[in-house]
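Common to both upcoming complexes is subunit A, partnered first by subunit B, then by subunit C.
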Partner chain A sequence: MANKPIQGEKRMFMTGNEVCAYAALAAGADIMYGYPITPQNEIMHYWTRLAPKYNRSFLQTEDEISAGFTTCGGVLSGKRAFTATAGPGNTLMQEPMSMAEMMRIPAVFIIQQRGGPSTATVIYSQQEVTMTCYGANGEGLRIVYSTANHQELYDYTIKAFNTAWKYRFPTFVLGDGYQAKMRESLTIYDPELQGIQMVDTYPLVGLPGKAGADRDPAHLRNTYNTEEELYEVVKDLVTTYEKFAPEIVEHTTKECDDAEVVILCHGIVSRAAVEAIGELRAAGIKAGMFRPITLRPFPTAPLRNVVQKAKKLLIVESAEGQFARLALPSLYGLTTPMETIFKPGQGITSDEIVKKIKDMA
Partner chain B sequence: MTTATVLEPKMPKSWRQETKPHKFCPGCGHGDILKALGTAIDELGIQDRVVFGCDIGCSLLSWDFFNCDAIQTHHGRTTPVMTGIKRARPELICIAYMGDGGGYAIGAQHLVNAASRNEKLTVILANNAQYGMTGGQMAPTSLPGMKTETSPYGRDVDATGNPTLGPEMVAAITPASAYVARGTMANIPQLTRMMKKALQNQIDGNGFSFVEALSACPTNWRMNAAKTWEFVEKEMTKYFKVGELKVPAAKQEG
Partner chain C sequence: MAKVIKIALAGEGGQGVQSVAEILTEAANEEGKEALYIPNFGVEQRGGVSIAFVQISDKEKVGSPKFEKADIVIALSDRAIRRCAQYVDGNTVFVYDTFIEGVEDDLPKGAKKVIGIPAIETAKNELHPRVFNIIIMGAVVRATHVVSEERAKQALEDKLGYKFEQDPKLRELNYRALERGMQLVEGQL
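Take a look at the complex of A and B:
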C-alpha cells in the first residue's frame, strides 16, 4: 500500500526528529524542502529515506531562504509541503514566512529550537519563541504549536498540516533540541483510524482550465501601491485570524482548580513543572501548572482565569523572558505577584522549580 | 476621399487585455521583453500550463500581465518560488521573471544553485544596467564609468568590480542540457526565438534555461528615445555580447 506508510497503531521508541518525519508521512505530506541545520537534520534524513518508498519528494535547497520560498511554491502548487529548521535557519526563513503570512500560504514549518543568539549552541533552548511567533515584517499571523513530548510532536505535526490548510495561515511546530534528539516512546498511527480526516489541499496556481478563456487567471500579488490598500489587506487578515483564533487556541492545565501557586511554562519545561507539582503537593503546597499549547494564538482568557484565582505566579522558561513577554499582555490589570526562572539556553529541572516555589512561600 | 485605417496594436494572445496599457514607463524594455515572451507562449501553445513568477523590482508590475496564473514574490526570490512549484508539479511550465538586481545581486545564490541543479525552469532576466524600481542605483550590471545614484562619479570597477556576465556564468555551471542565451530588446524576433527555445527546453524536460535580455530604463537613464536605443545597441553590447551561449542539440542563433 504505497500511500499508507503507517498502518494501524504502533508503539515506537524513537527520536523526535524521526517522529516528525513519520508524522509528516502519515499526514500525507507530498514534499519537503530543506537545508541542513542542527538539531533538525534527521527530519530530512528520515524523510529522504522514507519518502521515495511512498512516492514523496524532497529537495535540498541552497539555504533556508530558498527552503522557505520553495516550500511556499510547493504549497501554491497545491501540495502538502513543509520544511524544518532551527536557529540561524529560522532567522533566514523569516522572509518566506512573512510572505506565507501575508499571502495566507498554508505552509508547515517545524522548528527545533537551539541556543541563540547568532550561531550559539546547536543543542537546546526556548529562545526562538519571539522569532517564531512574531518574526519578520508582519503582524505575527501565524499558528504556533509548542510541543512537550514525542507523542505531541507526532500529533501536532499531523495537526499542523490540517490547521494550515483549513485556516490558511502558516503553521509551526515548535520543538527544541532536546525533543529533536532524545528517544522516547510514543504511539504512531494512521490518522484516518483515529478519525482524523486530512484536509484536502488545492492549488492556488496551476489551476485547471485555460486562464482568460475558461476562468480568470490566478494573479497573486504580495506588493501594494498605497498605505490605504495595505491597511485594508492587513486589517482583513487580522480580522480573519481573530475570527478563527478561538477554534485554534489550545492549552492544558495540571491541578489548577485549587492552585495557590501557578507555574506558567510551555514546551518541554512543562515536564519539569509537572514533576515539581507532584513533589510540592506531597509537601502540602498547592501548586498547579498552566501550559499554552498554541503560543499563537495565545490562550488569553483561560490563563487569566487561572492566574486570577491564584496567590502567586511563577513563569519558567529556557529563555530570558521571551515567553513571559508573550504571556504578560494576557495578564494586564491583574495584581497576582509574579516571579520568574529565566534560563536562556539551559534546561530546567523539577528541583529548581520546587526550590524556587518553596522560597517564594 | 481617403479612408483612415486604424491599426490595432498587435498583442500576444496570452496577454491579458484588461491590464493593458501596462504599467511600465514609456519606452521601458520590460514591455518589449514581455511581448517576446507572450509571443513565445502563444507560438508554443502553452498558455494553460504556464505559471509566471515575477520578482520585486519593475518586473513586479507584470504580476497581472498575462492570462496565466501568476505569483509575485520577494526581491530575488522568484527562482526558488518557481523551483518549489516545478518540483511539486513538473507538468507546469514555470517562468521566473526578474531584473538584474533580483537575479545577480540579492538572488544570485538562487540563480547559481538553480542552474547548478539544472532545475527544469525558465529564468528570464531583464538587464537594464541599474536598479529601476528603487530609482536608478548601481546594479551588478552597471557599465564601467556609468553614473547612477550610488555611483554619482561613474562606476569605478577597481572599487566595485566589473559588470556581471550572467549568461556566461550560467553557461559555465550548467550541464550540456541547459539553454543559455543573451538577447536584446533591440532585436525582438531573435529574442522571441530565444525565449521559445528556452521554453522548449523546459517542455522537453531537458534542463535549466536562461535568457538575459538587454533592456532599457529611459526614466532612470534620463535619456531621450534616440539616446536610449543607442545606449542599448552600442554601449551595452560592448560588454554584453548578444547570442546563444549554450544550445542543447540545436542550431545556434547568431
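Take a look at the complex of A and C:
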C-alpha cells in the first residue's frame, strides 16, 4: 500500500498545481491542511486523490487562518506538513506564518499568486511578494523560493521540505496563477534516485521524559513579557537566520558577463526575459538577466556585482514595484541608471521587454 | 531561435475549445515537442468567452505563457471574434466560423489571411454537433502542422479510447470530424 508514489523518473505533461501535489508526495509529506481558493485549488484536489493511496492525510479546515495553524500543529507533532493558498487566503494565513517564524516551525507553504488587492482576479500576479516575504508582524524570517517553470515547481517543492526541516524556518514556494494553471512538460522523479535525502522530521512537543528533569524543556513560545526579553529572542532569531542565509540563498543569471543592460526579474517573468535576451542579442544589444531564486534570503552580493558592471538596469515585474523594493536595498549607493516595467496583475511578454530595452538604448 | 507556433482558440463556454487545446498539446508532447497550454479564466463559473492559449515548439522550452500576437487565431462566436482582434497582426491567420452572423465589420483587417469555415454546419448536417470541436482541432492541425494527423488520431484515442471501446462508431465519427476539419482549411491557406 505505502509503496513509493514516484518510481524512477518520468516525463509528464501537466498543470503546475498537479506538479505541486506530486512533488509533496515524492517528498514524503505526511499531511496537507487546506482551504480552497483559486488558483491553487487543484493542489488540494490532486492531493486528496493521490494521498489515500499512499497512507497520507488531508484535513480541510474552516478557513485559511485555521489551515495555517493546523499546518503548524501538524509540524509540531513531527509530521512533514504543508498547506497551499493564494491572495486573500495568503493574507489570512499571515498570523500562523508569523507564529512559525517566532517558534521556528518548519512548515511548508505553497503560494500561487493571484491579482490583488482584495479579491481582485483569480488569474495571475506577482503581487504577493511583499506579503510572502515580509507579511505579518515580524522580521520576515522566512525562506521564499520563487519558481519559473514546472520543473522548478517540482524541484523546489521537494527542496522546501528539506530546507524547512534543516534550518527550521517556515519555507515558501512562491508560484503564480499561470504556473498553477498552465500545462507544460517536466520530469518527475524519485528524490532518492537523484541523491536527495529527505531530512528526518521529529516532534517538537510531547517529547518523552520530564521537562527540566530528564531533558531540557522544548520551550516553544510566541509570547513574551518584557521588551528586553523579546529583543533578545528576536535578535537571536535574526542572527540564526543570517548565519544560515549564505547556505540557502540562490540565484541564476543569463548572459550577464558582458551585459550592458541587465534585466532584473523573478519567477515566471524571467521566461519572457530569457526570450527577450535572445532577440536583443541577435539585434546586437548586449542584454543579460539576473534572477533571484530565493527572494528571502536575497542574493544581495551577486546582484550588486552584476549591476555594478552594467550600464543600465531594467526591473520587470507583474506588480507595482514590490520586487523592486525588495531588491533596491542591495543596490544602495550604486548609480546605475534604472528603468522599470511594472504591470500589477498582468502577464509580461518578451516583446514588451525587447521594445523597452530598444527604447532605453 | 527555434520557431514557436502560437495559437489562440476562442469560443463560448461549452464549445470545447479547452479540450481541443488539451488534446492538441498532449499530442505535441507525445511527439516529443515542447508545448504550453494555458486556459483563460475569469471569476465567473460559466459564460464569457473561453480562450485557450497554446504554444508549441519543436525542441526548446516555451517562454512566457501568454503572447501578444498569434500565428493562428480560431474564433468561434461573435464575441470571440471581437475579443481576439487584439491577437492579430500581419502574420496571423484568422479562422472563424461562417455560421456566425453580423460580424463582417468585426473581422480583423490587418491579418495575413482571414478564412471562414462552415464548421458548425458541417458538424450539424454531416456529422454530429458533439464533434464540432474535433472539426476545429482538424482545422488547427492542418493550418499549423504542429502535430501529424496520425498523432492527432492517437491523441483522440488516448483521450476518448474508453468511449470508443463502448461504441466503435464514435471512433469513426471523431476521425471523420478530424479529417473534415483538415479539409475545410485545405486550399484556403
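Here is the rule we go by: the second predicted complex is superposed on the first by the 348 of 361 C-alpha atoms of A that agree within 3 Å, B and C clash if a C-alpha of one lies under 4 Å from a C-alpha of the other, contacts with A are read in each partner's own complex, and residues count from 1 in each chain.
What we mean here is this: a contact is a pair of C-beta atoms (placed from the backbone, for glycine too) under 8 Å apart; a residue touches a chain by one contact, two chains touch by 3 or more.
Treat the numbers as computed from the prediction; the structure is a model and nothing was measured.
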Three-chain arrangement built on subunit A, subunit B and subunit C clash or fit: fit
Subunit B versus subunit C as contact partner of A:271, first or second or both or neither: second
Following superposition on chain A: angle at subunit A, subunit B versus subunit C, Cα, nearest 10°: 120
Subunit B versus subunit C as contact partner of A:182, first or second or both or neither: second
Partner chain(s) touched by A:201 [first = subunit B, second = subunit C, both, neither]: neither
First, second, both or neither for A:122, with subunit B first and subunit C second: second
Partner chain in contact with A:91 - subunit B first, subunit C second, else both or neither: neither
Lowest C-alpha to C-alpha distance for subunit C against subunit B (Å): 26
Residues of subunit A defined as touching subunit C within the complex: 13, 119, 121-123, 149, 178, 181-185, 268-269, 271-272, 274-275, 278-279, 282, 347-352
List of subunit B residues in touch with subunit A within their complex: 14, 16, 47-49, 51, 56, 60, 63-64, 66-74, 77, 80-89, 92, 109-110, 112-113
Interfacial residue positions of subunit A with respect to subunit B in the complex: 30-31, 33, 57, 59, 61-63, 65-66, 69-79, 81, 95-96, 99, 203, 205-207, 209-213, 217-223
Partner subunit A, residues of subunit C touching it in the complex: 1, 22, 25-26, 29, 34-39, 41-43, 61-69
